[in-house]
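Just below sit the structures, each encoded as structure tokens.
Each of the next two complexes has subunit A plus one more chain, namely subunit B in the first and subunit C in the second.
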Partner chain A sequence: MIDVAALKAHAKSLLEKGSVRAVIGYRKSTAGLLAEPATIADADATDDLIFDPTCVQNLALYLVNDKKERVHSRSDDKRPIAVVAKGCDSRAITVLLQEKHFPRESVHVIGVSCEGTGVVDARKLAKKLDGKKALSVNFDGSEAFSITTEDGAQSIPAAEVMAERCLECRSAHPTLSDMTFGEAKSERALHAPFQAVKHKMKDEQDNRWAFWARQFDRCLRCYACRSVCPMCYCEECVVDSINFAVLPDTTADEKADRIKWIERSPARSETAMYHMVRAIHLAGRCVDCAECERVCPVNIPLRLLNTRLEMEAFETFEYNPGSDMNAPTLTSSFRDTDPNSFIR
Partner chain B sequence: MTKTVAMEKMLNKADLAAWMGKLDSHRLFSPALEDEDVWNYMPVEEAAKVLLNHPNTVRPPKGFVFPQREVLYEYSQVPGEAPVLNETLPDPAPAVVFGVRPCDSRGLVRQDIVFTKEYEDPYYQGRRAKVIYVGQACNQPPSPNCFCMSVGGSPCAEDGLDVLMTELDGKYHVKALTPRGSELLAKGGELFKDAQAADKAAVEKAHASAKAHPQRPIKDLGKVAGALKANFDSPAWDEMAKACIGCGICTFLCPTCHCFDISDEVKCSSPCKGERVRTWDSCQFPDFTMHTSGHNPRETLGSRLRQRVCHKFLYFVENHDTQQCTGCGRCVSLCPVGIDIVSVVERLGQP
Partner chain C sequence: MANAVETAKDETGFEPKIVAFLCKWCSSAGSDLAGVSRLQYPSNAVPITIMCSGSMSPMFVLSAFNKGADGVLVSGCHPGDCHYLKGNFFARRKIYLVQKLLQFVGLENDRFRMSWVSAAEGVKFAGVVDEFVKDIKKLGPQTRLKAKR
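And now, the complex of A and B:
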């Protein structure tokens, strides 16, 4: 079982020694059951750190945000930043390292085990508790969560309220870390890999299009799926109007004539294009943290789009994003043995 | 507004569908599941299935009067001729929206201020005149993050509504609040019985008990604006926004947020033809305040969080003497990273 006190002590000592600028971890939220990401720079505040099955967010995002922020700041502090990383978070960090988004020495990875049970799906849990409010969720062995409500604690089989992505997770233990807490339980595989998308693929093409047309029509275009994705780090995004560098000598005509790839209107064509662009840009990069799906306020099953392409990367090229920081990325590598049936 | 005594009637729960059946001159909407766990205002297809026992809808009802996309005008130009502009004012069929929570109808009152007080927006007004709002008092809090009473509202507030319904044992207490509301009740005819003294006592009791549910408090609401102003330069804004991912959930799903962008959607370049549209925009997006020079005065997440909170609790108060937050709790419940407007106001909005 993960020793949260030891995790706090490690974070505290890193900050006291001054070997890191800050520690990115989780703390309890005032907004609800799920933890909130916390960037802690003060050693005394490390006591706020928690790690339990409510720690759902992929904190690799904050490494990307930190880099952006540092580009604008004038700080010359070269110390690394520490980050708490579950298996999926560590895979995301690995992809960022493969893509040379930042150097290895700029990050201190505090790996945490999700104890074979993964994290909780708040919607499934709410349904399971049937109106009762969960006050806390804790790991309870490798097959259950201990859940506290007003009526006291109860043990619930983890598979019943676990996040979908965790059911299909193939490497639950951090693949990359400088220090790891909790037991190494790398295989979970309650469901076969790509089970959800393979199930969906069985449906007729027309039905699949009808399914996605309905989903795209419901999309709010709040871009939470893009904003929460650690791999969506482009400075210029096709959906934003700032995807055009304005320089002192840029003329008014050039500004007016800029290409709008996707209109702001929430029309099916535009929304479909947005989600397709995102999914294709994630091919061979998506680590299936499924944050895009979790944050969607209207419940669009975005994981299906991304895992469809991950399935392609895996089945065609045996490529597992985030498994080896020294390996080349999928799209920048070539092997003689790669299938080339598409080259004519 | 005419000073008539509010009409109070009783309707058997079983007769709700019959009443809806008599309103076929209007399009009817009520909260329904758009998808698993996603409540939205949907067209009533089968009145008998409307239960009005919904939690807070994910989408507020603001889209009826302020849709995410509004065409302002169509334009076209034949080479060598003058451009032709064709204004496209909306003229929707009349609609009745059932099950509106008092926080959302108070949100509507705030939208009215924005779109009709200083400038009368014909697109907004064209839709507003056609929508009748039937409210539903919250006997039970519809969300764990409700805080309507902390921002001057209540689970049985009437502002912005045409009718307020309160569920009692097997019946609804139905109160008409505007002439439009009275007409709606009149269409129900015999289905409605006059509320007796006992009914009025029962509804008062239900409202009192609704108000007794504990909510998250905001201390000294009257002093929040001043405190926020004093804390404008606080480093806490950056600290509290550190986890913010910069998405549009909090603003798009807010019943009072009303910011929009205007763009031209070219349908054809030769001959030139297209539409000028306004679409929802969000102060949380990175390009919201981007200048053409490339300078962005609200570059950081902290400055954007400050804008959102100060617009609701400082600028709107200065301009219109009321908060622009009605305590529906959506931005708190749906934020992917737990950013909590009540906590922010607690921290930076207290003297």
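And now, the complex of A and C:
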């Protein structure tokens, strides 16, 4: 179990010493069950930090956002920023470092191991509690959550309300950190890795298309999946071009000639394109934090789509995203033994 | 020879549109060779020359399907023969991933294909296109990823 008091003390000492600009962590949310991400720059406010099974967000995203903000900032504070990172978050940070998105010295990683339990899935929990509102969720040993409702506390086996990704998690212990809290316990193996994808792959191809067509038809193109993904940091996204300014003297020819890969209309074909482009851009980069799936307002199983190529990366190319910040990325490397038989 | 022309028309009158991305150094020259050798093969493939199969963006594939291609062919130099030494090795890995994704989403397997065609293999290029056209004719028009415009 994580010693949250020690976590708070570590954050406090970092801020008091002034060795970091701020600490990105979790605090109790004012609305709803799930914890909220917080950027704490004041040593006294570190008491707000928590770590419990409701800390589902991937905080690596805020490192990317921080970098964006600092481009326009006038401060020349070169100190690193500290971030609380679970196993999956630390893998995301490793991928960002591997891609040289920011230098290693600009971030201080406070690793927290989710050990045997992982984090909670709010939808599963609501179903489990039959509509009763959970007030708090805490770790209860290494295999259960202690859940408080207005009827009092109860202990529920973690596997029943754990997020899907945590069931399949291969490394719950942070792979990259400057300071780690919690036990070095990585193998959870409640479900075989890529179980959901493999199950879907057994389906007939036509049925699979019918399934995905139904999912893509629902998409609102709100781009929440893109906004929440720490790997989606492109300045200009393929779906909305910001470099093409339509001015009064822009001719019809110029407008017609611009490359428009994907239309903005939420038609099935365009939505399919959008999600497939995202999936292919995440190949060998997706750390399976499943944030895209969690934030989707229409419950598109995006994790299923994105982990398909992760499975290929892991099983065919023996590549595990976020395991080594000095290794070449999946698509910038090759082996002589790569599959060749599919080519005529 | 005459057979190849006849097979291009079947009873439904469906003529597949195939977009062929050919690398400048091998496959483009291979398709040229097929032309100058006067080989008869279906004219369904629209060749687009790219500098290297390694420069092939997955976007090109998806976009071609989106704009109504019935099939997409990517063709490059044989492994070890790349003009840029290792471009086709990168391509192999990338195209493999794109193919797996397309299959997972439910596009028919035969619609996306990769081949190695060298500058001397005009006959092979004609064969690859011929086979591709035959396979796609069995599947009919591609409707799954095509934009309704």
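We take it that the second predicted complex is superposed on the first by the 318 of 344 C-alpha atoms of A that agree within 3 Å, B and C clash if a C-alpha of one lies under 4 Å from a C-alpha of the other, contacts with A are read in each partner's own complex, and residues count from 1 in each chain.
Everything below uses one rule, namely that a contact is a pair of C-beta atoms (placed from the backbone, for glycine too) under 8 Å apart; a residue touches a chain by one contact, two chains touch by 3 or more.
Small disclaimer: the values here were computed from a predicted structure and weren't measured.
Engineer: What is the contact status of A:64 with respect to subunit B (first) and subunit C (second): first, second, both, or neither?
Structural biologist: In the superposition, A:64 touches no partner, neither subunit B nor subunit C.
Engineer: Counting only touches as set out at the top, which of subunit B and subunit C does A:263 meet: first, second, both, neither?
Structural biologist: In the superposition, A:263 touches subunit B and subunit C alike.
Engineer: After superposition on the shared chain, which partner residues are touched by A:206: those of subunit B (first), subunit C (second), both, or neither?
Structural biologist: second
Engineer: Go through the superposed model and pick first if A:308 touches only subunit B, second if only subunit C, both, or neither.
Structural biologist: second
Engineer: Classify the contacts of A:29 with the two partner chains as first (subunit B alone), second (subunit C alone), both, or neither.
Structural biologist: First partner only, subunit B.
Engineer: Is A:294 in contact with subunit B, with subunit C, with both, or with neither (first, second, both, neither)?
Structural biologist: first
Engineer: Considering only the touch criterion stated at the top, classify A:332 as touching first (subunit B), second (subunit C), both, or neither.
Structural biologist: Only subunit C; A:332 stays clear of subunit B.
Engineer: A:228 in the overlay: touching subunit B, subunit C, both, or neither? Say first, second, both or neither.
Structural biologist: Once the two structures are laid over each other on A, A:228 reaches subunit B alone.
Engineer: Under the stated touch criterion, which partner chain does A:112 make contact with: subunit B (first), subunit C (second), both, or neither?
Structural biologist: A:112 sits against neither subunit B nor subunit C.
Engineer: Quick check on the output: what are the common subunit A residues between the subunit B footprint and the subunit C footprint?
Structural biologist: Residues 263, 267, which sit in both footprints.
Engineer: Which residues, counting only subunit A, touch subunit B once they are in their complex?
Structural biologist: Listed in rising order, the residues are 29-32, 34-39, 57, 61-62, 69, 72, 123, 127, 133, 218, 220-224, 226-228, 240-242, 245-247, 255, 260, 263-267, 291, 294-295, 297-299.
Engineer: Show which residues of subunit B lie in contact with subunit A when the two form their complex.
Structural biologist: Against subunit A, the touching part of subunit B is residues 34-38, 58-59, 68-69, 144-145, 242-243, 245-249, 252-253, 261, 263, 265, 277, 279, 281-282, 285-287, 290, 292-294, 299-300, 332-340, 342-343.
Engineer: Can you check the complex and tell me which residues of subunit A touch subunit C?
Structural biologist: Subunit A reaches subunit C through residues 197, 200-201, 205-213, 238, 261-263, 267, 269-270, 272-273, 276-277, 279-280, 283, 305, 308-309, 312-313, 316-317, 330-334, 338-340, 342-344.
Engineer: For subunit C, which residues count as touching subunit A in their complex?
Structural biologist: Within the complex, subunit C touches subunit A at residues 58-59, 62-63, 66, 79, 86, 89-90, 92-94, 96-109, 113-116, 128, 131, 144-148.
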